[in-house]
Amino acid sequence: MRIEVRFFAGLRERLGVAEREVSVPDDTSIRQLWSLVVPEEPLPDNVLAARNMEYVDLSSIPCDGDEIAFFPPVTGGAG
Amino acid sequence: MRIEVRFFAGLRERLGVAEREVSVPDDTSIRQLWSLVVPEEPLPDNVLAARNMEYVDLSSIPCDGDEIAFFPPVTGGAG
Amino acid sequence: MTVRILDAGFDPWALLSDYQRAGAPPEGAYGATAVFVGTMRDFNEDQNVQSLFLEHYPGMTEAWLEKISVAATERWNLLDSLIVHRVGELHPGEPIVLVAVWSAHRKAAFEASRFLMEELKSKAPLWKKEQREDGARWVEHNTPG
Amino acid sequence: MTVRILDAGFDPWALLSDYQRAGAPPEGAYGATAVFVGTMRDFNEDQNVQSLFLEHYPGMTEAWLEKISVAATERWNLLDSLIVHRVGELHPGEPIVLVAVWSAHRKAAFEASRFLMEELKSKAPLWKKEQREDGARWVEHNTPG
């Protein structure tokens, strides 16, 4: 299946990639997806993931055509 | 001693008096002051009193020249 | 720390804009601003209210609002506070009260603004008289927040 | 119920004034408006911050803010809500976030505005990079409110 993978903020900068379309075996979990896309880097402990712009568990399995985003803890707002 | 007595809001309207300077015996408490100024009307249960613009207990005793105000429960603000 | 009693209508947002532009509180120092605006509704306890008359105790009302501002400033280490309250005749949709506080962090701002409104409603010497279809009457007590 | 992501500076008070003047929420229906504005401070954890870059996830950020707006509206029976968040480069004194809610009574407004800020800070996909004297660094986590 084909997955659109996106990275944000510090993760995007460190990995040097904002988005990449990849082809992975069916039944690839989001955790496994990371290892396939960024084999040189272990999955950070505090990483967050979203599937089609909704928070998702790392153990869940995306569908063909999904957009999967990885990002660090959020730091929006103020005060 | 001379006391400036003031009434506000519903109390002012009902009694038909906003302020009145009275002369009362020394050691007159605020509760007794009411009876001297408004003998025809019992002191309302929920009445509040202020001495020189600060909340005060009805049992306290004012000094010569004090301003004593009586008013109903407050209803300011909104929401 | 500012307290104002106004006998004419006011726009809370224009007032806040002017207040901040005048440099109080100092820019860059505060991270959190919490504002509450209480507005006259056109109903109360399921009855239509056509207008409202607000009476105050000149001198004591300001003193009470200053007293609670000092208490909030000390308790939450506020950088600034502003309380504005209308008196006189009001109509539905008009702002009655504005409370604003500025602090470094949001927890203080949220808690202090709520504290000020509760202290204002429970003890500031202000009284409302409602004009309804069936006549005028003094509001007897405030509802708890 | 409105959510806006802005990539240029905004005046929270002018924005609120325009929003209310445009008739949302309906005048006379609401008695309580609670507003929170988060502003960029010139310090964080005792270090000077010269500027800030705010990144978001276009689409997901808006979706999350709409989701929490719906949750707050249902839970507190709000009459309206408005969330505005800056992205891009900011300097000290500039507003970062505005949250405003309108309700019949103040309890709902106080609670809902605080809820929205906590939900926004803990889960809205937004990230800050601080430019300090000693270089730039991504902020690692938000402090609890």
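Going by the order they are written in, the chains are A, B, C and D; count residues from 1 in each one.
As a working rule, contacts are C-beta pairs under 8 Å (C-beta built on N, C-alpha and C of every residue); 3 or more make two chains touch, one makes a residue touch a chain.
No experiment lies behind these values; they were computed from the predicted model shown.
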Worksheet item: Whole-Å distance, subunit A centre to subunit C centre, using C-alpha means?
Response: 48
Worksheet item: At what distance in angstrom does the C-alpha mean of subunit D lie from that of subunit A?
Response: 26
Item to complete: List, in ascending order, every residue of subunit A touching at least 2 other chains.
Response: 78-79
Discussion item. I need the residues of subunit D touching at least two other chains; which ones are they?
Written reply: 31-32, 36, 38-41, 105-106, 109, 117, 145
Fill in: Graph class of chain-chain contacts, one of line, ring, star, complete, other
other
Discussion item. Per the touch rule above, enumerate the chain pairs that touch, sorted by label.
Written reply: A-C, A-D, B-C, B-D, C-D
Worksheet entry | Residues of subunit B defined as touching subunit C within the complex | 6, 8-10, 13, 50, 53-55, 69, 71-79
Item to complete: Spell out the part of subunit C that touches subunit D in their complex, as residue ranges.
Response: 11, 13-14, 16-17, 20, 27-42, 92-93, 104-107, 109-110, 113-114, 117, 143, 145
Fill in: subunit A-touching residues of subunit D, taken from the complex the two chains share
36, 38-41, 54-57, 59-61, 63, 85, 95-97, 117, 120-129, 138-142, 145
Worksheet item: Touching subunit D in the complex: which residues of subunit B?
Response: 78-79
Discussion item. With touch defined as at the start, can you tell me which subunit D residues reach subunit B in the complex?
Written reply: 31-32, 103, 105-106, 109
